Amino acid sequence: MRVDGREADQLRNITIETNYVKHPEGSVLISMGDTKVICTATVEERVPPFLRGQGKGWITAEYAMLPRATEQRNIRESSKGKVSGRTMEIQRLIGRALRSIIDLNKIGERTVWIDCDVIQADGGTRTAAITGAFVALALAMDKTMKKGKVKEWPIQDFLAAVSVGVDTKKGVLLDLCYVEDAAAEVDMNVVMTGNHQFVELQGTGEEATFSRARLNELLDRAEIGIDSLIAKQRDVLGEIADRIK
Amino acid sequence: MRVDGREADQLRNITIETNYVKHPEGSVLISMGDTKVICTATVEERVPPFLRGQGKGWITAEYAMLPRATEQRNIRESSKGKVSGRTMEIQRLIGRALRSIIDLNKIGERTVWIDCDVIQADGGTRTAAITGAFVALALAMDKTMKKGKVKEWPIQDFLAAVSVGVDTKKGVLLDLCYVEDAAAEVDMNVVMTGNHQFVELQGTGEEATFSRARLNELLDRAEIGIDSLIAKQRDVLGEIADRIK
Amino acid sequence: MRVDGREADQLRNITIETNYVKHPEGSVLISMGDTKVICTATVEERVPPFLRGQGKGWITAEYAMLPRATEQRNIRESSKGKVSGRTMEIQRLIGRALRSIIDLNKIGERTVWIDCDVIQADGGTRTAAITGAFVALALAMDKTMKKGKVKEWPIQDFLAAVSVGVDTKKGVLLDLCYVEDAAAEVDMNVVMTGNHQFVELQGTGEEATFSRARLNELLDRAEIGIDSLIAKQRDVLGEIADRIK
Amino acid sequence: MRVDGREADQLRNITIETNYVKHPEGSVLISMGDTKVICTATVEERVPPFLRGQGKGWITAEYAMLPRATEQRNIRESSKGKVSGRTMEIQRLIGRALRSIIDLNKIGERTVWIDCDVIQADGGTRTAAITGAFVALALAMDKTMKKGKVKEWPIQDFLAAVSVGVDTKKGVLLDLCYVEDAAAEVDMNVVMTGNHQFVELQGTGEEATFSRARLNELLDRAEIGIDSLIAKQRDVLGEIADRIK
Amino acid sequence: MRVDGREADQLRNITIETNYVKHPEGSVLISMGDTKVICTATVEERVPPFLRGQGKGWITAEYAMLPRATEQRNIRESSKGKVSGRTMEIQRLIGRALRSIIDLNKIGERTVWIDCDVIQADGGTRTAAITGAFVALALAMDKTMKKGKVKEWPIQDFLAAVSVGVDTKKGVLLDLCYVEDAAAEVDMNVVMTGNHQFVELQGTGEEATFSRARLNELLDRAEIGIDSLIAKQRDVLGEIADRIK
Amino acid sequence: MRVDGREADQLRNITIETNYVKHPEGSVLISMGDTKVICTATVEERVPPFLRGQGKGWITAEYAMLPRATEQRNIRESSKGKVSGRTMEIQRLIGRALRSIIDLNKIGERTVWIDCDVIQADGGTRTAAITGAFVALALAMDKTMKKGKVKEWPIQDFLAAVSVGVDTKKGVLLDLCYVEDAAAEVDMNVVMTGNHQFVELQGTGEEATFSRARLNELLDRAEIGIDSLIAKQRDVLGEIADRIK
């Protein structure tokens, strides 16, 4: 039995509240248990210098935590004057993941800024951010098409992310909360499409190692989680989901 | 008639949701119309160097906006690597204001960190932050007393803040929304106690000036707003409010 | 009797030495008692990006202290690699104040950089900076008109600033020196035009509060100070003063 | 046939020159084809604050490129004043990887600083850095034991890293050079022990995705590469290798 | 005939106003022609970490220019967030020069902070800064001895600095003003003691070179300038000068 | 007898390995005893803003040390977020020196970036960097001429640098190693052309002073060293050397 009473292959409760903030083209508040992230998608009418004049768009992501999203207050990165390695790693991951399921040629010379701000953290903030950001992106693309700026639907598949890990006693666990994550000897984040294709796979032995057999168990469990998350995305997106395939 | 149908001396709808985030000692989500701010109060068991060994506490505040709290996306201060002058001004104001209604000797060698994060902005974010932060502070003080760390109730009076301004055609307006604020020729923020004492008064002619008669009209209207805000604070604090006077 | 023998409503000795530095378009050394500030006005033939192409000018200000302007040596902000919140607040105040009494359309697409560098500090550095910067600005406008760049006189009124405060025993005091400022329970800076219109009003209870009656006393005393300061400005500006009204 | 004539499962030429720099406790120059990295290990007699007093050590890594290690000159991170996200990701990876095969309790309250500086880059710099850093670490541990500071041999297994990728036409390739890496649709870095246990697994579809079957092919090929790299490490370490298992 | 009418071996007018600022232990305003520098010496009762516990003191220097000390406004280094290479070079030079003529053991565990702030620049700011800083240092040492903190007079010799240069047509010139400096093909700064010993010698061919014969001419002329500068220092220091030798 | 057995006027062993790195237009690994520096020259097809449109080129230099080039590990400047004063001084010196022996008009609107990275340090890193950078620059100019971009050979003379110093007991020494440098009471760097013209002369009494007679001894010995260094440069440059004069 897990610390919060779940089965080993059971996700936490998920809610995705769409249009949570009024200004952005797309926005959600995603909750996975006590982890809560505001994800917004902003469409900007220009691209970074390296893409100018190619008729192609770009997606970039930023990630942050409110200082008291965590048990101990964490110092603002704006006060420290620099962004931590952990933050950079996460925002690069979110951007790469979203770029993999969209046809950047179809969005034209536009940048979509994805902002993921963790309001409350209880493990799995980066995977919740990706899962929520996908919905915000889909909402923003819908709005941009309705404005006539994007002509053809650009999103090619669903995208969700989940963590899996190995607990010394309980074996492979799906969707780790903070306490489980801190104790895990292996920690893996899996980003997958609706079609069960990998987009990113990041597995780390935390001062430990893992075998190929263990890897296969972890991936089996991750697929279960991804399916549930995409079902939830499909549900909140309603008609928009039908265009994704 | 104002842009959103209010009377000149009418506040926007206020809601204050207490304990909005689970980790902090005190937290609220305050909404004033479409302006929404998460305010948290964190109690840390130490003080800045200049206060060490004096048996006295400190309150400090930080303020930030999510990038897409605003109509146009604003660049994160962590990405820019520095905090803007506007942010610094606001967080210094919030800290000073809260320190004025608390007996810092009674909280012992502790720092209360106030974090105000604007989720959605529609004018008056700094005044909403102060009004919400006061409630978060009161909740945190209550919790810290219950833990036995603070022996005597330290908060001496209520504290709220409101904006007033001058519109060229409509005259003096209470609690400006963003559209009104952008058009105002005079902009004033008033921070006041429950006892109608000033804590801070900041009035600016925006490339304009104002007479002493106008100042008096502005202050009259501000007092009306402060009274409503404090009534709301009293309401959400319940029993805790009785200790404040 | 005050610490330096003045009456409650008496300013310190003021001197304003014009053209103190040879390179800038306008410059002064202003002394208010032992507070000494070099104020320079630099006319640059371009405007910030947000104003380009509008035929309108801009005024911006920077403020700093020499490291040993103060009793204790203060660390240079260039060494710290960032500008403090206090500095930002002051330079934003100076810029806003000067923009309120000038017709920015009349100066054309030019930026006036105001630099206020405190050589020696004894309280009231920001108000001395504003009072001195006004004179430097007027000198620079005169020079720029003589060069034929500005066609019509742009400055519409005089502008000066003074501090007032409340001492627990001595009541309301005008133009606080450092010792008085450190002891004051209320501290207010008033920026006013020659016409007795407010430009900025910033009053702070320093871990204290103040009533509306007290506010009125403070403003009465500030007006006395402003009148003397403007008389001094008029005096040193000579013929230029006649164009200001 | 690959761009440089190799077979799909063939590594580039590897050389590891030990004691390349005279000051550090351990150092190598590793070359994998045209990729050349200087790896040094520095033993410092203290640990970061979070470990003090636990009798346990730490390993931390830094990574950089000389400006002209690359085809186009890259701007120094010291000139930019900040470390890029890519650099942070790599140095966090190197540190984590090395910590997984060492018993940190056995090195006592010491920090080993691993510095990986790329002299010439032609793809696979991060994997070459890990493979080389392992040797530098082993040399440093040997030296530290000989000085009598570390009592028991702390390194528990070999550690090497290699890249694998998918080329649209040529399928799965081992040890990608720069040209191959730029063209690959999937890019994976595998860090493994001598015992074929995973330490890190980072696979990315570069604006693409990959199936589980493809993942298995990639991992098969990576294992071949790891075996050759560890054989090389064993060779250059001589007697020291015998202590590793 | 030089641009300002001087002879080739003639200094500009020098004035040194002592105790120019009230707070520092020592201060001067030095003018060499139109170059004006405020030099202050601050005595701090501690030393940098590398000197703690050795009973020895330290001297360190900082140098800056007001933004409009120059013909074109220069951007504040605090705004840029970093100190330029030129500034660092100059402040390291000033510190080194002053440390050469003082017995650091005699000042005890104290740091003397030398601040040189250029109010108006017309060439030779670094040499004026050294010449002025020496006087500020002597004043501060006198004051510190009178307080009983320093027991034995620590300054062993006079110290002054002057520039010399080569003009294509006019040959070797002493004490270059800005116009001369900008045109010079060789630029040399000489820091010397009262005893005609070199402390620093920095000669640069500005996209040019110079022979050993030319070097000797430059040094001859520099000695003439040093003698006059030290005579002036002796004059303003009065009785204090007698203790220097 | 010196610490490493050399005569007072004897250089350490010099080797200059050309084309050490494959990407840059010119590169060398220079060793002077145990001091080893990689010097690269990169030709960029544009100039800094202040030179645009003048048909003239520029040379700029950067210098760094690997963290463990030194006996004690030195913290990376990229981690500190700023470049030290020492580094700035050295890179400015290298750039100035190289600009003095080249006709910048002949290289057209191009910038040559010189990067000097110290792999191993044992005194004299800045002088080795200049001596090596000259060769890298010559190689890059040769390559750029062969590409037809530069029409006329731009380098007008050889350039080398060497240190000389005064040891209390052993007198004037040529080419100081680290141990000698740390003990020297006078330290001088001399940058000279093949024609025995000075380009830079930087002499410092390290908390000491030196006479003019001593200066002459130092310069005599430096000339001996420069001659040997230029002979070495001539040797490794082969045919290219013939074009230099």
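As written, the chains take the letters A, B, C, D, E and F, and residue 1 is the first residue of each chain.
Criterion: contacts are C-beta pairs under 8 Å (C-beta built on N, C-alpha and C of every residue); 3 or more make two chains touch, one makes a residue touch a chain.
Because the structure is predicted, anything quoted here is derived from the model rather than measured.
**Student:** Identify the chains adjacent to both subunit B and subunit E in the sense defined at the top.
**Tutor:** C
**Student:** Through what angle, between 0 and 180°, must subunit D be rotated so its C-alpha atoms fit those of subunit E, rounded to a multiple of 5?
**Tutor:** So the copies are related by a turn of 120 degrees.
**Student:** Once you find the CA centre of subunit A and the CA centre of subunit D, what distance in Å lies between them?
**Tutor:** Using C-alpha averages as centres, the distance is 28 Å.
**Student:** Centroid from C-alpha atoms only, then distance subunit D to subunit F, rounded to Å. What do you get?
**Tutor:** 33
**Student:** Could you list the positions in subunit B whose residues touch two or more of the other chains?
**Tutor:** 81-83
**Student:** Moving around the ring in the sense set by going from subunit E to subunit F, list every chain once.
**Tutor:** The ring, traversed starting at subunit E in the subunit F direction, is E, F, D, A, B, C.
**Student:** Please give the residue numbers of subunit D that touch subunit F in the complex, ascending.
**Tutor:** The contact residues of subunit D facing subunit F are 21-24, 27, 34, 38, 40, 42, 44, 62, 64, 66-71, 73, 76-83, 87, 113, 115, 117, 119-120.
**Student:** Under the touch definition given earlier, write down the residues of subunit B that touch subunit C in their complex.
**Tutor:** It comes out as residues 82-86, 88-89, 91-92, 96, 99-101, 104, 157, 188, 193, 195-212, 215, 219.
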